[in-house]
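Each structure below is given as structure tokens.
Paired with subunit B in one complex and with subunit C in the other, subunit A is shared by the two complexes that follow.
Up next, the complex of A and B:
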């Protein structure tokens, strides 16, 4: 599965995208925190997981071919 | 006087393939509301006016501050202290006196949003906070008009179109607002001025496309810009099948975790209690304290508070404050967790103090 990181998520990961294996959104979340530590943990608190273009609200959600990790921005 | 779509001004647009006099006439008839005359609004508003949009509404209750001038190019040095909507309207009048500007010198709220949105064809959200972003999204859904949204932080920006009748909305991308302290604001994290210009230009372009029917709007797609790499990236976003329908407006401060806390103190209450000499704890950055500070306040930036908290007396009547009362909430939670049972935070921050208690205090 292709994981694409945007903005602060890309900074935390040090790459813009990579291929990872995980069965669910929750498993991917855990894996990302293990790999990239507190910085990624903070990003994931506010960020969205889009599974093949559909936002996930549920850590039990099964993954597909692509996940995009995107934090919201406040500023204007 | 009104905008004349046949004017020589628009000659380079009318010759565009697929544009022509018909698209220009649609722009002249269009009524577009812009939320925020800040960094994004400064790029959006002149672009819309110069392109020939007939009526532009602007809603913002801020005054121009010196720290705005690097990126909010619609305002100049002489405008510091003026209402942003008035300063923006004066700039538009200089570009084209035929453009109608409707000034709304107020804050978008659940009380005024629906009535206001109903008077426009399209809304552009360039606001700087999550309660306004979610309010704008929901109001646009309820009124049934497209919302072009953009946001910036540090070296990056995002933009998209939220349009419930044809595709996903902002809530399909970010269903739940982030916790108050989990996303940095521009005043803490900073913002590269030109990022506002890049994202603002995209917002104005999307508005022009939707009004004229030219091209394919950013519906179901989000554009992100990273100034450091110079790159744009795109991601797809579909409707969230598990989302509850939006049936009315709610309390957006509460939705975003910003409702007044029981441990809050208002600026007026603090003013009346200064005689009791509470410990005033300022958790902003030092550059902010140089602009304005409450007398006798102790400065410990939020990021340093955890390590410095032992310097403070947990039995003292501590009143913690920041700029707008968001960082001070995090500080309050930390203080309470460390046994500061009497700690309170200043609702609305030093900005509320400057507005309500001391009008001579510099705002930023």
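Up next, the complex of A and C:
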């Protein structure tokens, strides 16, 4: 599965994208915190995931071929 | 057809926003009230002096902005348009323009407020804030 990182998430990961495997949003969340520690944990606390074009914070949500890691939105 | 998507204008741009063009899109001969919100880069945040902001948008941000406009247009029956700027902005630059036109002011004020709330909450845009002391931080973390 392709994981794409944006803004603060890309900074926390040190890469813009990579390939990881996880079945659900919750499993990916756990894996990202293990991999990248506190900085990623801060991003994910109020962040979300874009799965199949839909923004999700549901740990049970199944993942497909691509997921985007989205820090908290700060537009406007 | 009731499931027809309302005609809206939504734009993400790295160029200065054209407020007049956005307002022209929502205006019509039956509209007596035009409300435009402009979000402007300010020189302070949580008590610290801010010198500049860098905005980044997700590649699908324009679709999310369109959805916000369509939700408000469908809910209010009004003409709705919005544009968000990305890139490096300085104090006084316009980051967001959101316009609604209605027959009367009450519904235009209400719908414009709802539109701005929705945009801030649901469009994947991020900003890095450069502080006057040289430090920088992502907003919202």
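We take it that the second predicted complex is superposed on the first by the 72 of 76 C-alpha atoms of A that agree within 3 Å, B and C clash if a C-alpha of one lies under 4 Å from a C-alpha of the other, contacts with A are read in each partner's own complex, and residues count from 1 in each chain.
Here is the rule we go by: contacts are C-beta pairs under 8 Å (C-beta built on N, C-alpha and C of every residue); 3 or more make two chains touch, one makes a residue touch a chain.
Keep in mind that what you see is a predicted model, and the values were worked out from it rather than measured.
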For A:71, select first, second, both or neither according to whether it touches subunit B, subunit C, the two together, or no partner. both
Which of subunit B and subunit C A:63 touches, first, second, both or neither: neither
Of the two partners subunit B and subunit C, indicate the one touching more residues belonging to subunit A. B
Between subunit B (first) and subunit C (second), which does A:3 come into contact with in this model arrangement: first, second, both, or neither? neither
Should A:42 be classified as contacting the first partner (subunit B), the second (subunit C), both, or neither? both
Touched partner set for A:53, first subunit B, second subunit C, both or neither: both
With the two structures laid over each other on chain A, which partner does A:13 touch: subunit B (first), subunit C (second), both, or neither? neither
Residues of subunit A at both interfaces, subunit B in one complex, subunit C in the other: 6-7, 42, 46, 50, 53, 55, 68, 70-76
What does subunit A use to touch subunit B in their complex? 4, 6-7, 10, 16, 42, 45-46, 48, 50, 53-55, 57-58, 68, 70-76
Could you pull out which subunit B residues touch subunit A in their complex? 36, 38-41, 125-130, 133, 150-153, 156-158, 172-176, 178-179, 182-186, 189, 191, 196, 220, 222, 224, 226, 233, 235-242
Applying the document's contact rule, which stretches of subunit A touch subunit C when the two form their complex? 6-8, 11, 42-43, 46, 50, 53, 55, 68, 70-76
Listed in rising order, the residues of subunit C that touch subunit A in the complex are 39, 55-58, 60, 84, 95-96, 116, 119-128, 138-141
